[in-house]
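Per-chain numbering from 1; labels A, B, C, D and E assigned in written order.
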Amino acid sequence: MLSLIVFLPLAAAAVLVGVPASAGKRVFTGSWVTVAAADLALVVAAWIGYDLGGGLAYEQRLPWIPSAGVSYHVGVDGLSLPLVAVTAALFLACAIYSLRQTHRVKSFVLLFLGLQTVSLGLFTALDLILFFVYFDLSIVGMYFVIARWGHGRARQSALTFFLYTFLGSLALLLGFIGLYLAADPHTFDIVALTRTNPLAGGELYGALVLLAIGVGLAVKTPTVPFHTWLPPAHTDAPAAGSAILAGVLLKMGTYGFVRIAMPLLPDTWRQYAGVVVVIGVVSVLYGALVALAQEDFKRMVAYTSVNHMGYVVLAVGAAGLAAGSDEQARSLAVTGAVTQMVSHGLLTGALFLLAGVLHDRAASYDMGAYSGLAGPAPVFAGVTGLVVFASLGLPGFSGFIAEFQILAGSLGPATVATALALLGILITAGLLLRALHRVFLGEARIPGAPESGFTDLKPSETASIVPLLALAILIGVLPRFLLDVIEPSSATLIGVVSS
Amino acid sequence: MSLELFLVIGAGLLAIGLFGALTQQSVVMLMMGLELMLNGVIVAAAAFWYYVAPGTADGQVLIVVVITAMAVEMAMGFAVVTAIFRARDVDMTDMAADLKE
Amino acid sequence: MSPAALTPELTLTAGAVLGILLGSWLPRHRQWVVRLLAALACLVGLAATAAAIGGAPQLVFGGSYAVDTATNAGRVIVLAATLLTICLSIDTVGSHPRETEFYVLMLLAALGTIMLVGATDLLLLMAGYLLASVPLYALAGLVKDALGTEAALKYYLMGALLGVTMLTGITVLYGAGRSTGYATLAQNLPGAPQAAVAVGLVAVLAGLLFKIGSVPAHFWVPDITEGASTPVAAFVTTVPKIGGLIATYRLVAEALPAAGVNWPLLVAVLATASMTLGNLAAFFQDTVRRLLAYSTISQVGYLLLAVAVATRSELALPALLLYLAAYAVTNLGAFAVVAALPHAPNLADYRGLARRHPGLAAALVVCLLGLVGTPPTAVFLGKLEIFSAAIDGGYAWLAVVAVVNTIASLFYYLRWIAPAFAAEPETYSEEVLAPAGRWPALGAYTAAAASLALGVAGGVVLPLVSGPLLP
Amino acid sequence: MLSAVPAWVFGALALVSGALVFRLDSMAKVTFALLASFLFVAGEVLLLGLGYLGVVLVLMMVMEMVIMVVFMIMYMMNPAGLMPMAMFHNTRGSAAIAGGIFIALTVGIFLVDWPARAGRPPADSTLALGESLMGGQMLTMMTLGLALFATIVASVVLATHRGRYDRFGDDLRADHPDDPIPGGVGR
Amino acid sequence: MEALVWLLVAVPLGTGAVLACTGRRGDRPAPAVGITAASVTLVLAVLAAMSRPAVSVPLFAGIEAGLAVDGLSAVLVITVAAVTLFVLWFSTGEFAADEPRARFTGLMLVFAGAMLVTVTATGLGVLLMGWEVMGATSWALIGFWWREPHRVRAADVAFLTTRAADLGLYLAAGAALAGGVGSLALTELPQASQPWMAVLTAGVVVAAVGKSAQLPFHFWLSRAMEGPSSVSALLHSATMVAAGGYLLLRLQPLLAASGWGEPVIAWTGAATALVLGLVAVAQSDLKQLLAASTSAQIGFIVLAAGAGGVAGGTMQLVAHAATKSALFLAAGAWLTALGTKALPALRGAARRHRLVGVTFTVAAATLAGVPPLSLWVTKDAVLATALKGSLGLYATGLAAAVVAAVYSAKAAWVVWQPEPEDAESGWDTEHAGTREVPAFARPALVVLAGAATVLGALGVPPVARALQALIGVGSHSLPKAWELVLSAVLALTAASATWWWGDRAVPVPLAARRWLGQWMRFERLAELLVVRPTMTLARTLAAFDDRVLDRVVMSVPAAGMWLARLVDRGAETPVDGVVRLVAQGARGLGTLARRPQTGQLHQYYAQAAAALVVLALFLVFVR
């Protein structure tokens, strides 16, 4: 089942490779949408069939490189299933959004299908090497997306992105190897490693392994000070690329924390949770403050991602702190962290697609150049407004569900840090309102040719963005369907980390 | 004391040969330097055989290998020099330095 | 005496001798028969090796030659690499007056390399060194133009000096250990004067480092790669490394496992120097062949990691062999792309490749990213194993150095990939990206596919390279 | 026991003649200096009881030096010492390296505690060599043989610019070789 | 029956959300739909108040989402629903047909719905949800005329200020969890353990004070006046500012349990009542005057919470809601008709529009505390509780009551003055007036002013006792007769004196008047102390991020190449020394690594030989 979900896009890509590019772009975009929709349907089916009791579902394990302790081991639990679903949803949104794509459609579609397999694969992987394979391939795929379909200084940004995240991935690899060597018998299997806990007791070795893994994940997440690849990569990436980058790829880092760093190194994690908390809170505040000073809409959103991901890091750090040994609060924090990944995936995805609309119409992200777009494009403005409010954590949207749990859960274990992180909420609110205010309200002003006007959302854009928003509202209003899935798993995780 | 004597002679020949190999511009002269180095190796090999391990023939075979190597290197050297002489009319290493950064 | 154990070697010998005889009677345009013969020899050799793979490891010819996992793996890699190189060279040397000699020399070089792989006696090692080097000098100068002969000259002179050094080292080790056989040396060297062992080892290593093109014996690599024809460049940067590295591994693991000298540290230093220097020098290269040359120098650095922990981690040997196999196909693949586009010597010439030859561009990406170690290519698996071995052997810092270097290498590989996927230049010339012919492209596809297959099917390959080393 | 005097004398002479190789300014003299050096070394080898190898060395070197003279003359290298040869580079650095190596080696040679002698020289060292060559070191010899084979092929490839197709045509059907200067038996 | 409370919040929220999203298509039916929804809500509120439903569903792990209508909530839901209905009714006349009425009505309904959620919530989580949505909706409503940047800026200020205070609730939620109240239920909060109890209380206090525009957060209320009058009417009466008061009343046990919460809150309320009253006196704009008076009047509610007089506070809240909505609607009616809200320009407005004038005056008299109107008794109920605690509080409260009489009388005096000759020159400063009060507005005005009057009945002891029983918390003390008389006398005296004084110059320094007139310049202070430093910090960090962090981190791997090129091109952006150094360093290393490759063989020889010697020595000497 999972393998089908993961490899369906790749199989479709393999078929499409054979179709000549001259067949017309409709063939490619059409089949992309179909495949993405089918994949989403499969994920929904998997969700329906998922046993809420927790534990791994749809597990499958085949020997791959047995002598190196590597196996093809996949499965989902409450931590990964929501992310799988978000990934499928976001890719479908991007597929719909890209219906109007005209530039090198065939390779674009192929690349995204590949990326989808890679992303889904990562969230289902239960083997460190399998995880790493997908982790690295996501970087490669995104490099090509940015370099070939980006704008501005795309190649440079892509290069930066590649070099930086690749460095992170290799650090991760070193950490994985450290885990592998510590286990007896040597294995890369996440489940087995969780069970045996080879680095119990911490010590220097465990610290170094955690450092390597932590750096790798921190680069991908990204947290301050490893975030500098993010703004240029986002600014120059195409809209769909940005949406996937922010919506899916960033989650790989934070997901790594809950899937690998915490359960596999529980003792070491507890030991250094304070550091993680500090990094988290610095990311929250730094990301928010720097975003506040941005003039470029996409850069601003990129920095808010740093901020939002900072909450996740804060939560997982707080979950490791033994101080307030209240399991409920820490479990709440982890649930909030996973919810935040889902929520941020949907909302940032939507925001970047909206930014793509901005660029599509007037080829600029400069907020100073726009004003009063709510006049000519009320739907665009309305949708953006809602997404912005959702993203600043307004109740009724998914962001609140996530942030409330994170902050309420983290306050006990990490009081000062969380209290400081609260300020992030305020700054985010300020900066997002400011952006909304500058771009959409006031007298209408559009850069470039003013007489051409500013077209409101087109059907493909609406059809791609609004469902994401709708999902965010659904989670915001009826969060149980999501939390029911996440909570047992986060309780299990907290159990592992606490033991 | 005697082993050391032979070894010093070997080392001396090696050093002289190396000096030649490093200083000579002409490829043929350079090859002479290499030959001299091997000359020193022969002395050392023979001395080791006699003073350290006369029980096995390894030392003797080593000298055979050295002599063969000498011959092979010489033959290849002359062939290479001929080739480059034909192609560029030079036989000095300094003048064959087009391949560089 | 068990000649049957040496079937692959004998096959190559027969191929070479028959080839030269046959070539003397063949018209110029029908020398492909010799090519076929050479390929056949490789294939038979591969088959014989495959048959031998299951067998118990044994020492043959008075203990001077080991037939074990490493030898078998080395044979397979060398023979496969030779086959691929033959594929690359068809369009370059087809109907050349010296085509017969080209293939015969290549077979001989391959044979010499295999002798290096299996040698467990310093004298056989030296003989293998000669056999593996001499044909390559000639191959480098086969195209007797100014650059080709200069390449041959430099290659030869470097080889000669370092060969002499190696002989010196053999003599010193012989003097210190009373023997040239590894088994005896392993017994005698721990009690031998360590200064002599150290000097002897460094001197012997000098020759092997020359074969693998590692610092400080790397000077020939860029010059030969640029001066010789592309297939030859591919061959000399790939095949001798296989022999040299396994030979180095054998030397340190079998002759000096307990010796008092700190050779692991020495090898670690060499590895660091090699990868760092190779990468730094490749940074701003604009010629693809020099870039690849420096990249091979840095790759040797990674490979030396496994040698450094040869006696400290059980993972070292499988790691080395796997990485070698991966490196061989991937590096050959990159060279195959270069061979397929003979009129594009510079990075900038690759602009628009993805549009014009999507297949080649894909192969290029697979091979270059493969060299970086991107999964799921074979080198990734190799790097994984090598890093594991290094950390397991207590050389974690070396693994970190290797990681940093990997990132640095990514920079220049991307400098090559980026133009390939960029739009075509304004002043676009048809000739720049005109392909050479089918064969190099086929080679590129094969290598790329093999690189991927080896990575994905690593589970099948890894058990084959994991086995005991003799004795 | 050996008499140390001839060993000293031969050694000193080998060194001196070796040094002369790079001091003399005539091609012929240089070659003969090298030959002399080899002959003295052969003498040392003979002194060490390796009669066969000493003789082989003498014969080999005489032949090799003759060939070398031919090549020297081929490449214009001032056969009669008419023009002074000064084709050096990097003398100072080379002297430092070579001198340094010599000093280091000498110091090492005297400081190192060389292994004690094990075994006795065989009665007939040549026989021992032969047995070894046909026994334990057979593969080495076979490989060296192949190396020589490779050398032949390689040197022919490199040294001659005219191959069989130049002489007998692409399909080797020509009755007479197309040589610039006809020669050989019956031509 | 349980569905009732769901319906109560779902009807306004759902209808509002749908209306707000329909866009311009919904403008035509919007008023009707809005009023219908508000009426249904009112009916539901009454039913709920009678049946007291309570529901609960799981929200987070161990945390329930509960809604319930108890005594306090019952009073509030009715108040909120009723005020909403009348304000919506009024607003049908305020907006022309071409204005986006769907958006307005929708947002108003959501706003009211959020308030209903807040007052019915049984746990901190849900309360915070309603609380935050209310804040966000207020932003959208204050900035309703988004084409005018100053209004949006005002909305921003209002929202950000209240949200800053809202952080207190997040803090409180976390503290509650940490303090052992895993369910976050409001009733269990007083059981939180120390020291989390202190954090919890502090969070609640900050949030409530901020939302209620008490000192020192009062300035946002001034900016909130930029929105439409109906918005002000709703925001200032039953929702938003009232929410803070409600929260404090609701969590009075917590304040009591904390030990220090009560005095802090009581004094904050008293101080606000007095100071903001003075601010109100100094205003020259009718709506600003009313806004300041709101802060001041809510101050009494806060004072009540601090003093333990939940019932008195509730009475004050309800009475003030009616009064203040009537006043704002009246001001809005004039604004619609005359296009101005400046006091001097409103001279004679009451004479021109008599119905509005009368209702305004009745409401103003209530505000002034004139007997027997509602605020007179409710305020005294509050003060009676305060007196039990401390005489100082009582005195301050009484002084505040006097000030209230002053500003109410001042406003009434102005509108009843004869219209000057050049009256029209002062009109139409905000927008073009219609010169007539819409027919729709009248019933709303009348009903609300009537309610303000009638609610004086709350002061009748039996009613008061019934109410106290209904709410069932806090102390049961009623004002004694002398207190009632004293405050009545004081109010009447102050009002008469003000009326008599008219607009003659006040013997107060101009600077002080101006200072008060600008709401004590707290906004400027916040700007200077918070916003500016934050922005500066943000810009500095951004510059740091761009110039230093990014470059330094990036240039290590990416090395020279592009940076060097950047330097060559004369640098678009100022590249600092560090960067150049790193770039050059990388380039230098690259060049250095290639330098050995001279092409000269003898140099290769020398290098290789030297390197090997070094390696040999290394191996000899390093063990």
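In this text, a contact is a pair of C-beta atoms (placed from the backbone, for glycine too) under 8 Å apart; a residue touches a chain by one contact, two chains touch by 3 or more.
Because the structure is a prediction, the values reported are computed rather than measured.
**Q** Go through the assembly and pull out the chains touching chain A as well as chain B.
**A** For chain A paired with chain B, the chains in contact with each are C, E, in label order.
**Q** Going by C-alpha centres, which chain is most central here?
**A** A
**Q** Centre to centre, using CA atoms, which chain is the farthest one from chain E?
**A** The most distant chain relative to chain E turns out to be D.
**Q** Using the touch rule from the top, work out which pair, D-E or C-D, shares more C-beta pairs.
**A** Of D-E and C-D, more C-beta pairs in contact link C-D.
**Q** I'd like to verify one number: the distance from the centre of chain B to the centre of chain C, where each centre is the average of its C-alpha atoms, in whole angstrom.
**A** Inter-chain centre distance comes to 26 Å.
**Q** For chain A and chain C, what's the span in angstrom between their mean Cα positions?
**A** Here chain A and chain C have centroids separated by 42 Å.
**Q** Centroid from C-alpha atoms only, then distance chain A to chain E, rounded to Å. What do you get?
**A** The mean C-alpha positions of chain A and chain E differ by 34 Å.
**Q** Take the average of all CA coordinates in chain B, do the same for chain D, and state the distance between these two points in whole angstrom.
**A** That pair's centroid distance is 7 Å.
**Q** Going by the touch rule set out above, which residues of chain B reach two or more other chains?
**A** 14, 17-18, 21-23, 25, 47, 52-53, 56, 58, 61, 65, 68, 72, 76, 79-81, 83, 86, 93-94, 96-101
**Q** So which bits of chain E are touching at least two other chains?
**A** Correct list: 557-558, 594, 597, 599, 601-602, 605-606, 609.
**Q** So which stretches of chain C touch two or more other chains?
**A** 123, 126-127, 130, 134, 137-138, 141, 144, 152-154, 157, 161, 175, 178, 181, 195, 199, 222-223, 281, 407, 410-411
**Q** Give every touching pair of chains, nothing left out.
**A** So, checking each combination of chains, I get A-C, A-E, B-C, B-D, B-E, C-D, C-E, D-E as the touching pairs.
**Q** Could you please specify the touching residues of chain C with respect to chain D in the complex?
**A** Its residues touching chain D are 1, 13, 16-17, 20, 24-29, 60-65, 97-98, 101, 104-105, 108-109, 111-112, 115, 121, 123-124, 126-128, 130-131, 134-135, 137-138, 141-142, 144, 152, 175-178, 181, 188, 191-193, 195-196, 199.
**Q** Using the touch definition up top, name the residues of chain E that touch chain D in the complex.
**A** 602-603, 606, 609-610, 613, 617
**Q** Quick check on the complex: what are the chain D residues that touch chain E?
**A** 89-90, 93-94, 97, 100-101, 104
**Q** Using the touch definition up top, name the residues of chain E that touch chain A in the complex.
**A** Residues in contact with chain A: 21, 23-24, 57-63, 125, 128-130, 132-133, 136, 139, 143, 146-149, 152-153, 156, 159-160, 163-164, 167, 170-171, 173-178, 180, 182, 184, 196, 199, 534-535, 537-539, 541-543, 545, 549-550, 553-554, 557-558, 562.
**Q** Show which residues of chain B lie in contact with chain C when the two form their complex.
**A** Residue positions touching the partner: 14, 17, 21, 27, 30-31, 34, 37-38, 40-41, 44-45, 47-48, 52-53, 56, 58-59, 61-62, 65-66, 68-69, 72-73, 76-77, 79-81, 83-84, 86-88, 93, 96-101.
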